[in-house]
Structures are given as structure tokens and as C-alpha cells.
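Paired with chain B in one complex and with chain C in the other, chain A is shared by the two complexes that follow.
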Partner chain A sequence: MPLDTSAYSLALLRVDGRRWNELRRIHAQIRTQAAADGSSYLEMGHTKVMCVVTGPSEPGPKRGGMTGGVGGGGGERSSTADVSVSVVIAGFSSVDRKRRGRGDKRTLELQSTISSALAASLHTHLHPNSTIAISLHVLSQDGSLLAALINAATLACIDAGIPMTDYVVACTAGSTSTYAANDEGADPLLDMNHQEEQELPSLTVATLGSSDRVAVLVCESRVQVSRLEGMLAVGVDGCKQVREILDRVVREKGRRMIQEGTIEKGMSLDDMDID
Partner chain B sequence: MPREAEPSLNERQFVLQALRENLRLDGRPFDKYRPVELIFGEQYGVVEVSFGKTKILAKTSAELTVPYVDRPLDGIFTIATELSPMTAPSFEVNRPTETEVLLSRLLEKTVRRSGALDTESLCLVAGQKCWSVRVDVHVLSHDGDLTDAACLAVVAALRHFRKPDTSIEGGLLTVYTPAEREPVPLSWLHSPFCVTWSFYGDQGEMALLDATLSEEHVRVGSCTISMNRHGEICQIAKLGGTPVDAVALLQCTNVALVKVKDFSAFLDRKLAEDAKRRDKGGLMAELSAENDR
Partner chain C sequence: MASTQHVLLSPAELAYLHSSLSQTPPIRPDGRTATQFRPLVAETGILPGTNGSARICFADGTEAIVGVKAEVEATGRQEEEGDEEGEGGSGNGNGNGSDWVEMSVEIPGVRDDDSGTAFLAAMLSEAVVADGGLVGRLRINGRFHWKLYLDILLISPPLSYPLPLLSLTTHLALLATRLPRLKSEGDEDPFFDDDWAAATYLYPRGEKRTRRPPVTLLVMAVGKNIIFDPSKEELAVADVTLAVSVGEESKPDSEKQKRGRRLKLVAVRTVDPPSRLTPPGVPNAVNAAYGAGGRQKQTGPRPVEPEAVEGVWRAPRGGAKPVVMAALVQKTLEAGGVADEVLDALDGVDLG
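Moving on to the complex of A and B:
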């Protein structure tokens, strides 16, 4: 679908009225499902995802039907917890209703990316022989899907109380130039929506907290190598902003839990170090 | 389900300690590929690529079919990867492992989505007849760095391939046998190549090119960068793993460009050699139905 993004150079405003360095509205909630060990709901613009974390728990019975025996878990003993991710993309999430089977390679790739990115930041060695099951549901898609999924999974893991080094935060970045045009005046863009993702080169960056260390870098479009540095810089900077937003959500929820008395008595708000 | 044998603690520590002392098991520098070999088969579109002990066979084939209803002007282009139990006992037929899924996704993004093959040129009669080009990638032996080797094999196979010549006269489509008319090459737009970096150390500060299987087992992360020789990135995939400094990743990209240019020159040379070998008596120029544009 050809779309006119050429108007950008006139007013320096993007199709949805943002400037180049503006994020879309991020709205996040944690502990949305009372029954789950950890859960979260996240919106990045119109991209909406839900996440439920179960675990760390003992791995379920193997299909082989082995019960009892040494180790209990079908003979598979591992020194670290296993992070298993499942992503379900709802049929109604995008404009055209696309049927995606279980074995869809794109979904499998998303799952393996999220699992491997989180496994590097979670202290999985503290939970040997156990599984952390992360289940993600995509309710609505409007670009930056992988970024939203990573952010939601991070929040849910925090809610589940799984020890981790830092937030794994993600956002997307793009460039206003097409791949062929080597124009130096091209601006990098932050947080791409679906229209922009279709039209312009973009990449997804996930960093560990507010550091410059990149956990995930996925670029699926053709772009000049000289554009990469600018896009990456904007993306890493965006991740820092996202971290601030997510951190605020977690702290706010923590504060409310204390006020509502969810946390045991004897601990007043003043005793706790929540800045 | 058979599981892959993991390296023992001794092996693991040996490889890592050696890397810390700037040594690789086969004595290569960190940014050097193993000897790359590329052999074209007797048929067009068959190629065998080996990086040291990693060996990959790619075969291209084409057949006439009906185009997809939603894309009547495009031909069909598929890449099928197969990791059989012959490669390693942990691979099973009809049950794709994670390695296989990621490999086929990477090839798909690198070659197909970057528009290396002009699929519109595969269409013969809009909505009715088109070529379906298929590349089958078979991994014969797995000793690490499958992605780079498979990508080189796919690109080489497609560039080497010749499809039967066709003509349309008065709505009548004729497909010529090789005996009637010399087959024609595919309409090829650019040649992307993959370069895979493997990271080691707590912060992923050591980066290796072309890791062998034992090195792949102990790595903490990897990043595959696909580029063509014009410096266009076709795809980057750092799918999780230990976080690596952003500046280091940019440096990796710059080195990747140099490697991609080497690959490109290497493939051009091999293709020219093969063309010369087939051109017995210098008759090819006369037999060809191609026009210089």
C-alpha cells in the first residue's frame, strides 16, 4: 500500500503528528490477573499486548508419562531455569484477519527472541530444574510489536518477583530515507507505527536497563549502512525513556500496594526505601 | 526426542580459556573465515559450499504454475531448508528444531524479502502462468556457522541457475527445451551475504567470525548481519543473548561489509570460472538468446 510519507520534509511532522524523537503514548499496568504469578498489560500507541508469567515452577509432566523416578522431571536436569515463551497473535489484532497457525515461523522467531533476551537478564541460575512460562497475547497491532512484547514480558517478570539484573526494554527506530536514496539529510525516527514500518526502514532495539548494551537488534528492511548508527543511537535513547516509564509504573504499583495494605503490617511507607 | 549432546565442562572451559588468551582451537585469527570452497554441479543451479567441515548443498529448480490469487503479477519463490538426521542425530524429519526455523527465517529475510530475485520477471501470463523457483538447502555436515554457508550456497545456486527460455506468440506460451534454446539466467538484482558474529565473555566483549560447532556451543550470543557489496543492510538479527555494547555492534557491521565484499568477489570469480568451463569452443555467445540491455 503506497503511502505518502514525503510530507515529512515540509513540516517535520510524521503521519500521526509526532516529531522525530517522540514516543507514542505508553500505558502499562502490572498485576492485572490476580491468579497469575505475574502479569502485565502494555499499550504502545495502538499496539496492545497482555502477558502472564507462571513460575518459576517445577516443569510439568513430560509427554512420555514418566512419573516418579530420580529427579522427577523426566531425567532432564538443568542448572538454570528454562524460559519458555508462547506468543499468541489474535486474529482480530490487525486490519486484515490473517490466520496464523501454531507453527508460523515468524511467531516462533519472536518467541525464541524474547526467551533468549530475557534468559540473559533473569538470574536463571537461582532456580535450577524449573520453568518460567511466559505467555503473551497480542490484542492489537500497530507496529513495534516485538518491542511491546519484550516490554510486557519484562514487566510481568518483575511482577512475578523473578530476580533479574535490570529491565530489558525495547523500542523501534527508523529513518526517513528509503534504502536507495543515500541522502545525508535523512532524519532518524523513534517508535515506528504500522504505516511507517511498512514504508520506511526500521529496526527494533532492546537494551539492558539504561545502559548502552544491546540485547536484541532486529532489522528486517533494506537500509544503507551509514543510516544504522543514527537509527541505533535514537533507538538506544528511546529505550532509556521507555525504562523510565516502566520504572514509574512499577514504583507506583508498589506504593499503592503498601497503602492498600497488601504488604504485611509493621512496615510503614516511611520505613521502606522507595524513592 | 533426541537431544543434542552438550559439551562437557572441560571442553567448555578449554575453549573459553583459549579465547581469553586470543587463541582459537584451529589457530585462526578472530575475524577470519575457514577456507571457503564452492563447487558447481554439472546441472545448472546445483552448488556445494563448504566452510571447513560445514558442508551445504543447494539445488535450484523451476516449474510452471499458477500465481497466487492475491499476487497475480508475481512469480513464486521459495527457499526450503532441511536439517536431516544425517547432519546430527538431534535433528528429526518433519519436526523443525529452533536452529532450522531461525535458519530458514534468516535466509528468507536475507534473500527473499530484500528483493534479491525479481519475482515480477517470473510471471509469464498475468494471473495464469508463472515460474515457481524453489531452492532446496540441504545441510550435509554441521560444524558451525550454518547461516553464512547456507546464504552463500543459496545466492550462488540462484545466480548459477538457468531456467528454460519461453516465448509468447498470439497468446500461445512456448517453453523451449535446452536443446532448442539455451536456458536463460534469472533476473537477479543484488547479492546479499550473511556474516555471523559470535560473542563471548560476560559482557560479550569478544567477537568471533565463523564459529565452529564447539565454539557455537559456548557462545553467549550471536548477531547475523546481511549486506550486499553496495553497503546496504538487508537484515540484522541479534536475537537475544547477552547484551553487547552498541558501539561494538557498529564495528561488527563495518567489518561485515569488508567480508561481504570478499564473498561477492569470490562468487563472481567462481561464476566466471564455471561459465568459461561450460563455454566449450566459445559458442555460448551465439547460442544465447539474451540481449545486452
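Moving on to the complex of A and C:
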């Protein structure tokens, strides 16, 4: 990958012109899809994902094709809702067209990570013997894929009205020099794009709301242990920023729905303490 | 292949639906007229990373996204000869060139090797290739051609048979597809203009307007009525269901000035409607719960196929009559008909 990482030290600007602690533009929408119980669309830079949530509903026999999820056993009665996630990475999403089958190992890992992260945050015990089917579509990839998927899934679950403890928000963090470079002054970086992800060590961290409780931590590259703490701190801080952005989207949508009279209003808008 | 999952309707409901659809004019559950399409929202150019993309949302909430990506591929020796023949015969795109277009369909909750999905993909791609115009356009020179990958995503759960939705979205995506402008000449290695603004449309518009990619429409017959764009419930009582692919024929010069278009039939496929799998109703005359049956018991073995009784649901049997098939195709193709209307509506979409 012809990424000139050495340029960073000159102006402290990254390849796309950001500072070390800046997120890319995040644009999110909820309730994009009328037919689904919950839906969302999320852009993090050029990474674009769509999420559709069906459920909580009785698990039908047709759901057998869904991969992911926790218990595969059909006849078994569970006391909690089953969160089954399917990730479809569109062939046109990356620069070179790459066809990924449904059994792709990377996709399966993404699915199980998202499923377990959400299952811990959703109040699944309120919906026994039911399934929450989350289907995620990746339309365009430019790094931080797992983080975007988690954020989109959270938004769609909120739209579906599934009770949950708090937002599960994710973002990525990295380090300015590679594992091999024994650079003491390596800066941590927030929100990696595809080019940076290829070259530099990075991790994905998801936290529960704006707390410091880490829900997901995935690191697929070699990173010096002394840099890990800095990366994690930057990542957790980024998650707080992401939560603010997502929260604003949800509140804005809620406010609009009350104004349009889509949902019944219990009290007048002025009495309501929306913020 | 059943075209949709089972619809959970009782025989009485099916009979009601069938009789209201067979009236003149038919009464459809959603209040549309027989030839009315569901309203839709369409946009193109939503994904800058693709050569062309489109998204369509139907009013019932079903939504699809299609992305087109093109790659340069070396043309094999024998393929090339075959291609020249194909062009001479004005695009009977069978065999040659069919692997220049690759389609994949993704439907949530359905395995990608599911027979229904494979059938959908085959139906969509055969219409595009059989139209003939496309393969010639993908040719760069004697040694190279564009390979087109069409990825079709159904975003929403499959509420109705998604064929018309996917076909219209594919049509729009192909219309919006642009390929880099070729700079090299003759048979040398292709070299392209890297200015995307100079890229040419695969289906040119304006002065050099040519034929457009075909659209595949779903048509069904109930009784004597022909109904377009059936919903899932309507399909459950269909006598015959047909997927009709309609292309546009290039006009002879004498007709160039005239408004309107000449439509041609590209492909027809029968789709097995789920109505064949529905359970039949039981007429009161033989229903033991209504006190019948005592007399019937002595009459020997029950007939395998009970006689049709007015108002009692019976799944349609047997194939389609040629007259009905012809009427379905005729009705689709007629000037000012549904295909015309759909193509007109898609013309209005801004291709950015």
C-alpha cells in the first residue's frame, strides 16, 4: 500500500487531512424503510451501511436460512430473545469487485461480534421465544466497517423500539506508526479510513453509551503493548462523540415525528423535556 | 418454484379474493385499477464508488438497491469470432456475450443458492442479455471488452414477489451506468480518460438516444381479468402468472420524429403462482359439519377431484391456455399500455 505515513510527522495531518483526534463526517438516518420494524442508514466517511430490523417476532421456520445468532436449535424454547444478525457485503462496495459468499469467515465473525454485543445491551429477557433479525447491508466500504455496522444496528434497534440499556456505539482507533517502527512518539489516531487501516495497527472499540464500559474490543493487527492504552483511550473518547451524534439523530427524528403527528403525543411539545 | 412464501389465507378468504378480482372491473385489495402500478420512489447515482447505481422504494415499503461495476477483460479468441457473428445477426445474444454480464441477487433471510433466488437472477439477466443491444456496447476493441457485474440487493424483507422491483431498479442502474471514455484507438491496449466527467453513458441519451434496457413486468390472470403488478395476496389466487420482459425497438428513420416508442417482446417466463399450493375449500353439501355426508357415505369412494362449486375455493389446475398467454402479452405490449407507462415514468427519473 503506497501510503506515505512519514508525512504525518511534518504537518500532523493525516492522508485525508484530519488531525489525530478528528472523526470523519457521520451522517445517520433512522426509519428509512417503511416495511420494516426498524431501519437505519449510516455513513461514516465513505463507509455506508444500511440496517433493517425485523422483530421481536416468533421465530418462523423460514428464518432457518439466517446465519449467525446464538442458539441454532429450532425446537428449544429459550427464555430470552435470539438476536440473529446477517451481514451482506455488496459486491460493489469495495474498489475492486469482490464477491463474498454468505459463508465467508470474515462475515461470520462480524455477525457473531455484532450479535453478542447487541444481545448484551438489549433487554432480551423481555421477549422470550422470539427472534430479533437484524440484516445489515454494506453499500460502500472505506475502513471502520465493524464500527459502522454496530452503530447502524443500534440505531435500527432503537427505531424498532426494542428496549435496551443504552446505545452501543463503536469507533476505531489506530497508531501513527507501524508495529515494526520503534517509534516512541507515535500518536494515537481516531477513526481509521481504509488506507490507514491497511498500513497501520488499529482496533475497533464499542462502548455502552457514554460510559467507559467497553462492549466490544477487536484488534486484528500487531500493535506494541505500550501504545495500546493510548489507542483505547482515544477510541473510547471517540465513542462518546459518536454517541452524541447518534443521539442527536434519534432525538431529531423523534421531535419531527411528534410534530408531524406520526406518533401520539402524550403531552404538548413545550411541556416535554426532550433534551 | 413457488414465487412467494405461503400466504396464510383460508379457503374462504381466497374464494372472496378470487371472486372480487374476477369482477369487471376487478376490485383489488389495495384499491388500484387492474393496470395500475404501485407508486414508487426512485433515485440514481447514490453510490459514487460504482459505475452506476439506483434505488427504488415501492409504496408498500419494499426497497432495492442495484450497483453496477465494470471491469476490463480480455476477450477470448473464439468468443470474439462468435461476437462478430452475434452482431451480424443484430444481437441474438445467446451463448456468446452472456458471460460478459454477471448478476447476483441478494435477498435477506434467503440462502444465496436458493432455487428461487437463482431463478430470479436468471430471469433478470436473460432479459438483459437477450435484448442484444447491451453486449455490443460492452465491446472495447477486438481484444478487450467490459465485464459488467450487477449486484442486486433487496433491502426490505420480501413482502411481495420482488421481480418487478428488482427489474425496474436494474433498468435504472443500467441507464445511469457510465464507462470511462476510451482514448486509445484500434486494437491497442485500452487506455481511458481519467476524467469521470467525460465518461460516456452505457445507454446514451439526448441526440444519440438508443434503445433502453428491457424491463420485466409481472402480469397475472384471474378469471377473465388481467392484472398488473400483483401483490402477494393477489398472487395467491392467480390462475396464471407471467413474467414478461419488454424491450424497446429502435425506430426506423421514417418514424424518428414521432412520439412514443415501439415495444418488443424480449422474453416470457411462466412463474408458478403460490395459488397452486393452497388448500381447497369444502362445499357445505359434502361437509359433515353441516349435516351432510350421511347420504354420501354409501356412494362409494369419494371422488379425487371434487366438482367445482360456485363460491368455494379450488386451487387452479393445469397449464395456461395459449389464448390467455397471448392476451397477457398483448395487453402488456399495447401502445399506451402498462409497459409504455412504466418506461415513461422511468424516463422522468433524473440520472444525474
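Everything that follows uses one rule, which is that the second predicted complex is superposed on the first by the 258 of 275 C-alpha atoms of A that agree within 3 Å, B and C clash if a C-alpha of one lies under 4 Å from a C-alpha of the other, contacts with A are read in each partner's own complex, and residues count from 1 in each chain.
Please note the rule applied: a contact is a pair of C-beta atoms (placed from the backbone, for glycine too) under 8 Å apart; a residue touches a chain by one contact, two chains touch by 3 or more.
Please read all numbers here as calculations on a predicted model, not as lab measurements.
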item	value
Chain A as common anchor, with chain B and chain C clashing or fitting	fit
Partner chain(s) touched by A:223 [first = chain B, second = chain C, both, neither]	first
Which of chain B and chain C A:198 touches, first, second, both or neither	neither
A:90 touches, of chain B and chain C: first, second, both or neither?	second
Partner chain(s) touched by A:80 [first = chain B, second = chain C, both, neither]	neither
Per-residue contact with chain A, leading partner among chain C and chain B	B
Which of chain B and chain C A:133 touches, first, second, both or neither	second
Touched partner set for A:52, first chain B, second chain C, both or neither	second
Which superposed partner A:29 touches (first chain B, second chain C, both, neither)	neither
Nearest Cα pair across chain B and chain C, whole Å	15
Overlap of the chain B and chain C footprints on chain A, listed as residue numbers	none
Complex interface listing, chain B residues touching chain A	96, 98, 101-102, 104-105, 108-109, 113-115, 203-204, 220-221, 223, 227, 231-247, 249-250, 253-254, 257
For the chain A and chain B complex, residues of the former touching the latter	103, 105-106, 108-109, 112-121, 179, 203, 207-208, 211-226, 228-229, 232-233, 236
Contact footprint of chain C on chain A as seen in their complex	33-36, 46, 48, 50, 52, 54, 62-63, 65-66, 86, 88, 90-95, 97, 99, 101-102, 133, 135, 137, 139-140
Of chain C, residues touching chain A in the complex	5, 46-50, 53, 57, 60-63, 65, 67-69, 71, 104, 106, 108-112, 114, 149, 151, 153, 155-157, 159
